[in-house]
Amino acid sequence: MKLITAIVKPYKLDDVKEALKAAGVVGITVTEVRGFGRQGGHTETYRGAEYKIDFLPKVKLEILADAPDVDRIVDVIAAAANTGKIGDGKIWITDVETVIRVRTGETGASAI
Amino acid sequence: MESGDLAWVLVSAALVLFMTPGLALFYGGMDRGRNVLNMLMMNFYCLLIVPVLWVIAGFSLAQTPFDNGFIGNFDSFFLKDITTAGDGGALATVAFLGMFAVITPALISGAVADRMKFSAWALFVPIWLFLVFVPVFKWVYGGWLFDRGSIDFAGGTAIHVNAGIAALAAVMVLGARKSDPSPPHSLPLVMIGTGILWFGWFGFNAGSALAANGQAAQAFMNTFLAAAAAGLAWLLVEWKRDGHPTTLGAASGVVAGLVAITPAAGYVSGPAPIVIGLVAGVVCCYAVRLKRKFGYDDALDVVGVHFVGGLVGSLLIGFFANPSFFDGEFDEGIFYGGGGKLLLEQVIANVAAIVWSFVITYLIMIVLKKTIGVRVSAEAESNGLDLSEHGETAYHSGS
Amino acid sequence: MESGDLAWVLVSAALVLFMTPGLALFYGGMDRGRNVLNMLMMNFYCLLIVPVLWVIAGFSLAQTPFDNGFIGNFDSFFLKDITTAGDGGALATVAFLGMFAVITPALISGAVADRMKFSAWALFVPIWLFLVFVPVFKWVYGGWLFDRGSIDFAGGTAIHVNAGIAALAAVMVLGARKSDPSPPHSLPLVMIGTGILWFGWFGFNAGSALAANGQAAQAFMNTFLAAAAAGLAWLLVEWKRDGHPTTLGAASGVVAGLVAITPAAGYVSGPAPIVIGLVAGVVCCYAVRLKRKFGYDDALDVVGVHFVGGLVGSLLIGFFANPSFFDGEFDEGIFYGGGGKLLLEQVIANVAAIVWSFVITYLIMIVLKKTIGVRVSAEAESNGLDLSEHGETAYHSGS
Amino acid sequence: MESGDLAWVLVSAALVLFMTPGLALFYGGMDRGRNVLNMLMMNFYCLLIVPVLWVIAGFSLAQTPFDNGFIGNFDSFFLKDITTAGDGGALATVAFLGMFAVITPALISGAVADRMKFSAWALFVPIWLFLVFVPVFKWVYGGWLFDRGSIDFAGGTAIHVNAGIAALAAVMVLGARKSDPSPPHSLPLVMIGTGILWFGWFGFNAGSALAANGQAAQAFMNTFLAAAAAGLAWLLVEWKRDGHPTTLGAASGVVAGLVAITPAAGYVSGPAPIVIGLVAGVVCCYAVRLKRKFGYDDALDVVGVHFVGGLVGSLLIGFFANPSFFDGEFDEGIFYGGGGKLLLEQVIANVAAIVWSFVITYLIMIVLKKTIGVRVSAEAESNGLDLSEHGETAYHSGS
Amino acid sequence: MKLITAIVKPYKLDDVKEALKAAGVVGITVTEVRGFGRQGGHTETYRGAEYKIDFLPKVKLEILADAPDVDRIVDVIAAAANTGKIGDGKIWITDVETVIRVRTGETGASAI
Amino acid sequence: MKLITAIVKPYKLDDVKEALKAAGVVGITVTEVRGFGRQGGHTETYRGAEYKIDFLPKVKLEILADAPDVDRIVDVIAAAANTGKIGDGKIWITDVETVIRVRTGETGASAI
């Protein structure tokens, strides 16, 4: 069992979600985050004073997946989130020991 | 008072009352999310304490006896001789003026934001009311500054310059905030406040005619035009200088224009309000940056907007005052053939107000600092004053 | 009506209209984020249904014929005999009173928050309007309670006591919320509402003079002072008792003071409004805790603020009423040598209103409960009424 | 002008000013969080630029000389002959009308939301003001349409139909947004805006009597009733059709009712405002869905609410106009025995306004598109206009 | 050392927190998230236009725990968060290499 | 490849960010979270009723880093976030199997 974590641009969330649905992914957890990276931030000017905004709005997706599905899912996300511009985001994979579905108590792949 | 005049004064008083919540939101939106309640409370506190003090003795000391040029006495203690209902004109006027007494100290709150102990603020307001607001008000409206010939229609000197310079004195004693300023936590809140302020300001300025007459109508028109022109000017300066026309810039310009037209509203006409607005918009847009040059931490630019804006308006009266238009008894401004006399009096009046307000405010703050202390702890400042001073959190989204 | 008086009544009517959105925000900010729209909607719904019912038959039943002491008839059905424009005074008065008819049931919404079916509320409001608001209004303004000698300037008994006790009856039938109450989801929203309420209340109280005259001016002044004094009192009690002066406390105190001065606004003068405000602030600050003692779940303290505050003000009239000041035709209060007669009448009037309102409201709720049901499902309550009742979410931050 | 009348006109002017911030919040709450400031700014910008243009030449071109039926001239350039204060009536009227000039282009902003360059908007507003608002205003108020016999009490044709059809023309040139519309980011903000709009609309409509008289009182009552009835109607249609009575539906219905009663407010009486409100509520509730059928992207339904609502009200005058009630000099509506003459004139007036407004607006937009461009870049549209156009972020929660 | 991550319904947060406290858990980090899953979303209708809301409000809990405690904690969460209705959520376990307490610099189990 | 997760006090975010930038860290993802721990919560009193607020505002930082950099980064965070007061927060390390940069498809250390 793996956990796929992806940071993407907020306005790409809908596209990524639709792509994942189309790819058969049945569950996603989304968090609003702020990201700092190569993209740099931007400057906002209030009353003539500049404020350096280092963190830009991003969206984090977390998807539990069976190991064999991981590559496919990653490709789907990467394709849907890609704009070719800096700041498109990252995807990373971590290992998950168990998954439990709260409602039924099921564990393992069937709990995803 | 005729019923039409009374209706207008009552409406105007209600409008001015509404300005203090408007100011609270204007300031509160600019502040960080962890200090917004403290900001709101500094303003609402003025709404709670000042009305009571005003009728007990504030009005009396600020006005009666009318032939004293420096300070009143206790003749109208608890509105003694003016409670006779009659046609209500006197009572309505006392209430109307009371609204100004409320908002003047409230203006200062924007400067001391993010670090002042609420208990210190709770003492500061009543002391400042009696030692600074009341005497300056007296001098300007019926006192020695008035007698010399200076004019101040709705409170440029008595309110904005006064509160603005007091804000400077207060932050000089208080010291700067520990952490860097942060961007406004909610600009929509700022814009709600701006809308309320402009709306209420029609009562502030046009109500100061104390009648529904031609002067009120002109003051109304001037309030409309100066705010618009100043907002436009600020926006254009920003657009050119900083690259973007900002929401906060539009709001700030509007307020600067409203401040600047305040002293002049019932004394100028024709294109004068537009000129005053444009000047105020440009000047204040630059003035808010002075704090970084001079190193005082006026959190929400009370000095740059209210002190500078009020001064701009008050001095421009010296050029634009047009008594013939108003059947007025004041001197002509320079552009109407009056020579520099009026301008000189405007300068004197403002200098007097500035000196008094600055010195006394500074002393009040020093005394508070030495006694109960004026700053929250460093930890409270980091965690936010909403929690330390009020035990509350502004937004509980998780419920 | 003179044009000045008409202008004042029209403005006042607009101000009172504005109070219902203000109340909605005041309540909505105190509520949780998942029920805020339902809270807003219970209030806005009153703005939609009541005006129409009021002109169809509400006004007629509540007023005409003027010589009936218990209930009107259909003589002014659809404003029949009062639509002649003439000077507009009659029409303006009907509109002004209609605003009161709107806000009275809206007050109750704060008590039943977080669990009442919107369909039940949609029926409750019109039924309650005709069975409770209309008769009590009739009795108090021109009916038997009035004839006996009780007085109620702008609706202490007819509105606040009436709605407050109805709120108690309603929650007794409705039952408590399943989950623990949670802290206000947005105190800035509460403060916007508070500002609007205070602003609008000048129309509510001073407009009730139905003229721009001395009584209006005094009612205005009293509204200003009582709200301030009550806010101050609540704040100080809290500061001492709970350790912090809170934003919500200031807001609650202001509203309590406004409620308490409502019945008295045009009948008292001098320091009386300050005393009434202080008493209301202290008493209501303690009264809002009674619900935990007695175990009824009045979500946003309609009983503690409106019922108790209204009663405080209405009874204090018995002490402070000052007819000589107003050339009034009512009895002197105890402090003005009137003995206990007026106080007794105030007690009788309030008891009558309380009994009727409580009993009928209870019965209405029971009938609704037995028929269409008054509570949302447990699941809807957990997930929030915004979704279950309105299919909406208040904040969509993620877009 | 009597003082009572002047007081009423001044208050009304302030109320109408307050409507533009109200509209900004109403629209801003409906928009997404990343475009809310741009939405607010499109509205506030009208508050900055229009007042100045209005007094320089707008008023003059829209009114003087009064005997020209098509377009004014520069006789009142900078309010030349009307600045004499006198009783202030003329000045107050110019200010009052200036508020209408502000809000009319602001209405259009809701349609072009989420994609229009702010620089293009900044040019569009003044050009549109002079080429569309001013001539149509002239025709309707004292010009050829008026002379033929059409009537428009407070701006159904001149303001709502005019701005509504201009919105359609504007979005046809501008094109649709790239991404799907999203749900309102803050319904509480929408409801604050709705409350302010209704409150201010009493000034808009009842102030248009330009006196505190019977017509003003009736216009007030009509504004109260039509808004309520339309809100109720919209709510019930939704409840039945879509399953839930929504907050946004109540708000939209109220606005639709206010729009529809605008042209009729001072010409109809009795149950007419309720009927007009009910019709407007039902019709607009369906009309807002037309855009999906016809494929134009009117983001916040300016066409469905203002164009359709204004048209409904303007045409229903043809049925409900009741001159005997107002001692008016206009024709009877069909229900009062006037035959179809008035209705015909209403049709002609609206057709004239629609054709002119649509064509000229379309041309203005085409010219702007070919020159400076009217749309932000695709990237700016994705990231939000707050950042691209104003360099700001509405909410900085993380501080 | 393990990290237990749980997605639960927002109104269950209080129950879960109390249950965890009762079970001796001394630290929890909570994030507001939005979840898409078998539960499906719902439809909101604004001005007659339907908006499909795929993501529902959920709450994410993260709990660092010593390996032997994990099963017990998972059971506590599952019991407290269970309503038996679809959408009750998931729990998953991942391995953690080290934990450091910022205040003291402690690491390992004593840092939890 | 490792993922460093740190929970710190919100007002320390700026200091930590600056310290990390100075230490050469090029990417951070930040989430606003609420934490319950030894620090306990606080009580808020509304209308005389006490509300126990168990969860305090915290900020979560996530940093993907190459294994050899991890200790250094952890030290930097711990130093910058430390106030010596209870509630300063936690840092924990988990193993990451792969990282993908959305824009380029790069994986591994170069994708960080």
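Brief remarks follow.
As written, the chains take the letters A, B, C, D, E and F, and residue 1 is the first residue of each chain.
One rule holds for everything that comes next: a residue touches a chain if its C-beta (ideal position, glycine included) is under 8 Å from a C-beta of that chain, and two chains touch if they have at least 3 such contacts.
These figures come from a predicted structure and were not determined experimentally.
Taking the definition of touch as given, a chain qualifies here only if it contacts chain B and chain E alike; those chains are A, C, D, F.
Under half of the residue numbers found at the chain B and chain C interface occur in both copies, marking it as a different-residue contact. Averaged C-alpha coordinates put the centre of chain A at 18 Å from the centre of chain F. Here the CA centre of chain A is 49 Å from the CA centre of chain B. Centroids of chain A and chain C (each the mean of its C-alpha atoms) stand 50 Å apart. Centre to centre, using the average C-alpha position, chain A and chain D are separated by 44 Å.
Looking at chain A, one finds that residues 30-32, 34, 44-46, 53, 55, 85, 94-95 touch two or more other chains.
Among the residues of chain B, those in touch with two or more other chains are 2-5, 7-8, 11, 15, 182-184, 186, 192, 196, 212, 242-244, 246, 248, 391-393, 397-398. Against chain B, in their complex, chain C makes its touches with residues 2-5, 7-8, 11, 15, 32-34, 182-188, 191-192, 194-196, 198-199, 202-203, 206, 211-218, 220-221, 224-225, 228-229, 231-232, 235, 242-248, 250-251, 253-254, 269-271, 274, 325-326. Contacts from chain C toward chain E in the complex involve residues 179-180, 379, 382-383, 387, 391-393, 398. Of all residues in chain E, only 2, 6-8, 31-38, 54-55, 58, 60, 74, 77-78, 81-95 touch chain A in the complex they form. Residues 44-49, 51, 53 of chain F are the ones touching chain C in the complex. Here chain E touches chain F in the complex through residues 1, 3, 17, 26-31, 64, 94-103, 105, 111-112, going by the rule given at the top.
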